[in-house]
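The structure under discussion is supplied below as structure tokens; questions concerning it will follow.
Each chain carries a letter (A, B, C, D, E and F) given by its place in the written order, and its residues are counted from 1.
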Amino acid sequence: MSYQNLDSFRDPEVAKTLSGLIAESCQSPMRIMEVCGTHTVSIFRNGIRDMLPEDITLVSGPGCPVCVTDQKEIDDFIQLARKKNVILATFGDLMRVPGTQSSLQKQRAQGRKVKVVYSAFDALTLAAQNPKKKIVFCGVGFETTAPTVGACILEADRQGLKNFFIYSAHKTVPPALDALMSMDTVIDGFMMPGHVSVIIGADAYLPLVEKFSIPCAIAGFEPNDILASILTLVQQKEAGESKLENTYSRAVSPIGNKKAREVMEQVFDRVDASWRGLGVIPGSGLSIREEYERFDASKAFELPPARSAAPKGCICGAILTGKKIPPQCPKYKIECTPTDPLGPCMVSSEGTCAAYYRYHGAITKVY
Amino acid sequence: MKDQSILLDHGSGGKLSNELINSILMPAFDNAILEAQEDGAIIPINQGRLAFSTDTFVVDPIFFPGGNIGDLAVHGTVNDVAMCGGVPQYLSVGLIIEEGFEISQLKIIVASMAKAAAAAGVRIVTGDTKVVPKGACDKIFINTSGFGFIPDEINLSASLAKPGDRIILSGNMADHGVTILTQRESLEFDAPIQSDSAALNTMTAAMLKAAPGIHVLRDPTRGGVGTTLCEIAKKSNIGMKIREKDLPVDQSVMGVCDLLGLDPLYVANEGKLLAIVPPEQAEAALEACKQDVHGKKARFIGEVVADHPGQVVMQTAIGGARMVDMLTGEQLPRIC
Amino acid sequence: MCLAIPSKIVDIQGVVGTIDLEGVTRTINMALLENARVGDYVLVHAGFAISVIDEAEAAQSLDLIRELAEASLAEG
Amino acid sequence: MKDQSILLDHGSGGKLSNELINSILMPAFDNAILEAQEDGAIIPINQGRLAFSTDTFVVDPIFFPGGNIGDLAVHGTVNDVAMCGGVPQYLSVGLIIEEGFEISQLKIIVASMAKAAAAAGVRIVTGDTKVVPKGACDKIFINTSGFGFIPDEINLSASLAKPGDRIILSGNMADHGVTILTQRESLEFDAPIQSDSAALNTMTAAMLKAAPGIHVLRDPTRGGVGTTLCEIAKKSNIGMKIREKDLPVDQSVMGVCDLLGLDPLYVANEGKLLAIVPPEQAEAALEACKQDVHGKKARFIGEVVADHPGQVVMQTAIGGARMVDMLTGEQLPRIC
Amino acid sequence: MSYQNLDSFRDPEVAKTLSGLIAESCQSPMRIMEVCGTHTVSIFRNGIRDMLPEDITLVSGPGCPVCVTDQKEIDDFIQLARKKNVILATFGDLMRVPGTQSSLQKQRAQGRKVKVVYSAFDALTLAAQNPKKKIVFCGVGFETTAPTVGACILEADRQGLKNFFIYSAHKTVPPALDALMSMDTVIDGFMMPGHVSVIIGADAYLPLVEKFSIPCAIAGFEPNDILASILTLVQQKEAGESKLENTYSRAVSPIGNKKAREVMEQVFDRVDASWRGLGVIPGSGLSIREEYERFDASKAFELPPARSAAPKGCICGAILTGKKIPPQCPKYKIECTPTDPLGPCMVSSEGTCAAYYRYHGAITKVY
Amino acid sequence: MCLAIPSKIVDIQGVVGTIDLEGVTRTINMALLENARVGDYVLVHAGFAISVIDEAEAAQSLDLIRELAEASLAEG
């Protein structure tokens, strides 16, 4: 698997064939939800919408961790940045997300120490190097990311670090999909998140497929991965089938990454969690277990309940559940732009509204 | 402007930069030459016109593979004058140095400036040095300003692109920005890449000689190729079509971009240019560009169209289409 | 949701691995991956290797896609 | 240079500044126009000459009685161009802004720049804006560069002072430097004084019209009148005699100087000039200067002599004599 | 006493008369030592040397506190600047003084917190405003300055400040003059320091006058003050008298400022002190009394004896005792300039070598 | 040795005095000076008033110097 081989998954001839097959197979309107924000971005960046028959509608799901992070959690990150002696470490994704009053970017401009890291492990290193500072890492992400944070907590424990803290806003995908299907959403098929699946394994979706009888395909992130998964979804639907197809078998096994899951289970408890737009979903959150609670920023710091209020007029909830698309939001492109985002779906680089804004002009089929 | 305080993004070369410039600076300094918002000012004089440009360099780290803040500062202004069609001749240098800065480093930087100026055939003719207390600046900042006369037959402006024009990019995208990023402490890459920092005035002179009818020259620095094309599309009120497969990126640079989630289309270059050329002179311009030592990988990346004025559309590598928008704020390493 | 890039492992020292991505090298954490070996391609997410790419499966997917393509070309 | 690292004094406008410039910058940028070390470059062009100058402004505090960093930045470069005999016409602006800086403050600064530019009859025609992370610069720094054409009959240089010439100072010394000092937190003065920051191009134009034979014009900024006179004496290889009793200082300004142990002769001015004028045109030059709104207190302060070349000697107020040397490093408040 | 009145003490006509009288009175060579550095500077700045007959030689004494500060004390200041969490507050005068290895200015350039203050009281304010920092003030100066520092210690005590420290390198003048006269120096008259006298009172010099039978005059700092004092010294010498004349009676009383002396005595003990160029002089130093030793930086901080070495080849000792003048130093203007000072006499703005360098050209009598 | 500048006291509040020096005002510490009153000229050293200028003595010195001057002028 080198970049040479990857090229096959990007081959325009193959893409043309796949999109032709999709058009051929598709006989009736179909709404496919790509659960994962990275899929959303890949679809837009590669211009895939442009290659699909009009009958196929791609709707974006709740798979951008920044977008589904609850307003209170964002406000807590901001409260943490304001604490004395704290260096807040975060993935770049969170920097611009508007909290009720401020954002991490604005906190930094006011002189708070906010540091963008590429890995939770970089935050751990920061803690080891700055024994007099408290390093707090903003833990957001799904099953792909949570084990990396868990591994850092175990390592901090081994090193005996006393100045390393995690605020865990991690969430898990299957309960959210279950909740979504139980709502009044119209989804005819799921494109499943490839890298969450790497960890949880393909089999983790079997209960969902069974319970809701819905076509599902696990997809990689190259354009032809995505087209292939759409093709299988269309074929299933047209054949009246509801299966789980794994079109990303080079990375996703039926059982996933057991070691990563063990780390996750060792460090986190499953708890109810509040998702933006979806409300509280039972068992969908990961909180730090009692055994490691000395690393838990939500316990180590006083975080008086802020008056968190989701941005007025933002229909992120409807967007994240696939009920609406951004152009249906009255704020879209008017009061809400990437420069001045109102909701997180506009700020996250993989947020649905941002992707629409950036890549989706009036112009399609121009070539 | 909605924000109450300056954010880093206001200096990103993207939309917030534009907003700052357009809502605060332009109205204040209100004049037609400035409003043209070229890379420098084009100034009519008794006989002929002058190109005049300024840039301040605050790059961190100040030494990086492929150059340092000194030669970068010379290249930057030389290029901006050249993009106006000027033949850069004279530069000024304004240094801001932090108390405690090592003289040995200053010597290296200044020697690089001198070497870069000599190589570009420009003279540094006036200067200013300020030292600020420890902590009041980050090591060293350099402003260069410069000017040069514009040959009579040359008429360049970002507002002159015409449907039918072809778009030339002189080489790989994103080398400079990615190089700088990989030098930051926390990212710790070991990458065989270096900044493309270079003076392009020889290239522009050759191109303008071969194709004096060139409509636009621009160096896609902060904001990258994507933002620069959008700016031209908006100013000329034309559309652009570009082809993803023709946008050259070094494979190592692409590797870093993939890992950090960056789009090379929006990453800074310091030794590349975009040329928008009427079709009849396009081949000649490309050929002249390719003859230059910094233009070997030059190629056509797209065309100007009458459709969708103000917008840049990209044919993706797999045959789809998508819009290319301006960069909003500095790209940050991300996991999503 | 989760950027993860396939990269080649060129060195492993305990939990510290080194990946090579078209000449770019960087150390990553291998704590979440058992059985990865030098020479393997792994997916790297947020500084951690999370999965070995199964080359046989990759080849199989490609074959499948190619077959589809050829079938379609033959048709077309 | 003996020092291994940059000290604040290297930016003081005094000897260490000169040492830095002469031992590091001049050799590096090596060219005759730069070596002239005028306030700006004087550049021969096809027809005529251009005066070109740059200055970076890092004043702290950025707002002070009598102005702010914005109008100061315009005045500074306008004056340097004017001191070369140029008629300042075009300016560039390079901003370095600290992340978190208040936009409202930026607006005020930029408005002041615009007002100052309009008042001086110059246009800001090109610019650049950089934002650096919080802590990487102190609020805001501004570079301005500018140029203007030099009328054919004018020939000014610090190397042209001749024995017999008379020396004009256009007004009170030390207003700017002392004003800035009294604004520093720890000193806590309440003083009815303000910076003299002003554009002097109207004054220089009038003086050059009345006395086109003027040999030298200089604005005694950093380093003050004392250092500026020493520089001219050295470059022209002539001696100077000045009279302490004719050196005007505002009484309040003198009060602060006395209290802090500062010599006003070495304190910065931002709206004053020194003119060295052949005797036959001296009265006309002084008269023109006094007609200007910023030159009401202008007077002769001394003469150029053939004796003691390179040295400035002062007749003290009580009738003694002493040498005037260049400032060594920034003057500090002292108790001794 | 307004600036208008001050003008009389600067009147050129008066000056001319006084210098004429001096020339008239002076019948034989005379070496007058101006003890005080501020006199040295005033003499140079006003061009007074130029107004005196050739028979009168003005030599500068040990009255520049910066110049006589022992090398070890300078090195201790530098050690203090290097301490963690310390803000070193100092009069501007000390910033550039070269220690054995460094200077405060260079320490600041390396990122140490060194702050120039106008008053010891500003350092006290700094301490009150920065409770988490330790503020150390470099106490240099003679009887004029020592009471101001003493008053700050009393105030710090009253406020209960725990983060305010003084390193006392203060010295007293009469013992130094006594020591000087006991050396092989040739001094025919003393111009006494006006502002030290303000505190200690004119009578403080009577023992000296008596012991060494030497003409003395207390002088103010305006040019005519200085000329008048020179005149009285010349007149005494020519008359074979040895008196103490107080030509600065508007500020100096016979008993001086009792309150200031009380503060000084309350806070400081008189101890032996080492003077640069003069060696150890009994009872000439002021160290903080036991009662206030918690404010004593030399006790609160560990200051391992540095290998202090006076600059090689510098003849400051001979300069400070009036035995030599700067042009007689082989380093003067060659290796030693204000830009690159070798000894403190070149760096202090009132140092003799600096004053010579700045104000004393080959040119005199040019007008 | 010790710069000290004569300045007029324009206000006293406890140990905090305000001096006026040709229109420039600054607070100074009066703790070292007894009996100073508003209107007095004092010598200020390092932020502390250290002495009241005795105007009578000043006048007397001036008279003395002036007498000398006049005597000399008369002679010359």
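Observations, loosely collected:
The working rule: contacts are C-beta pairs under 8 Å (C-beta built on N, C-alpha and C of every residue); 3 or more make two chains touch, one makes a residue touch a chain.
No experiment lies behind these values; they were computed from the predicted model shown.
Seen from the C-alpha centroid of subunit D, the farthest chain centroid is that of C.
Among the remaining chains, F is positioned farthest from subunit B, on the basis of C-alpha centroids. Inter-chain centre distance (subunit B to subunit F, centres taken as mean C-alpha positions): 64 Å. Between subunit A and subunit F, the centres computed from C-alpha atoms are 76 Å apart. Per-chain Cα centroids separate subunit E from subunit F by 21 Å. Multi-chain contact residues of subunit D (touching two or more other chains) are listed as 5-9, 99-100, 133, 135, 187, 251, 261, 334-336. Residue positions of subunit F with contacts to 2 or more other chains are 1-3, 22, 45-46. Each of the following residues of subunit E touches two or more other chains: 3, 37-38, 64-65, 91, 108-110, 118, 122, 141, 145, 224, 350. Pairwise chain contacts present here: A-B, A-C, A-D, B-C, B-D, B-E, D-E, D-F, E-F [touch as defined].
Residues of subunit D that touch subunit B in their complex: 1, 3-12, 17, 20-21, 24-25, 28-31, 33-34, 38, 40-41, 43, 45-47, 52-58, 60, 90, 92-104, 106-107, 110-111, 113-114, 117, 123-133, 135-138, 141, 143, 145, 147, 149. Residue ranges on subunit A touching subunit C, taken from their complex, read 1-3, 5-6, 8-9, 13-14, 17-18, 20-21, 35-39, 63-65, 91, 118-122, 141-142, 144-145, 147-148, 151, 154-155, 193-196, 198-199, 224, 228, 231, 247, 249-253, 257-260, 263, 350. By the touch rule above, subunit D contacts subunit E in their complex via residues 2, 5-9, 15-16, 19, 186-187, 241, 245, 251, 260-261, 263, 307-308, 311, 313-323, 325, 328-329, 332-336.
Listed in rising order, the residues of subunit B touching subunit C in the complex are 182, 187-193, 251-252, 254-256, 258-259, 261, 334-336.
Within the complex formed with subunit A, the subunit C residues making contact are 1-4, 6, 8, 22, 29, 31-34, 41, 43, 45-48, 50-51, 53-55, 57-58, 60-62, 65-66, 68-69, 72-73, 76.
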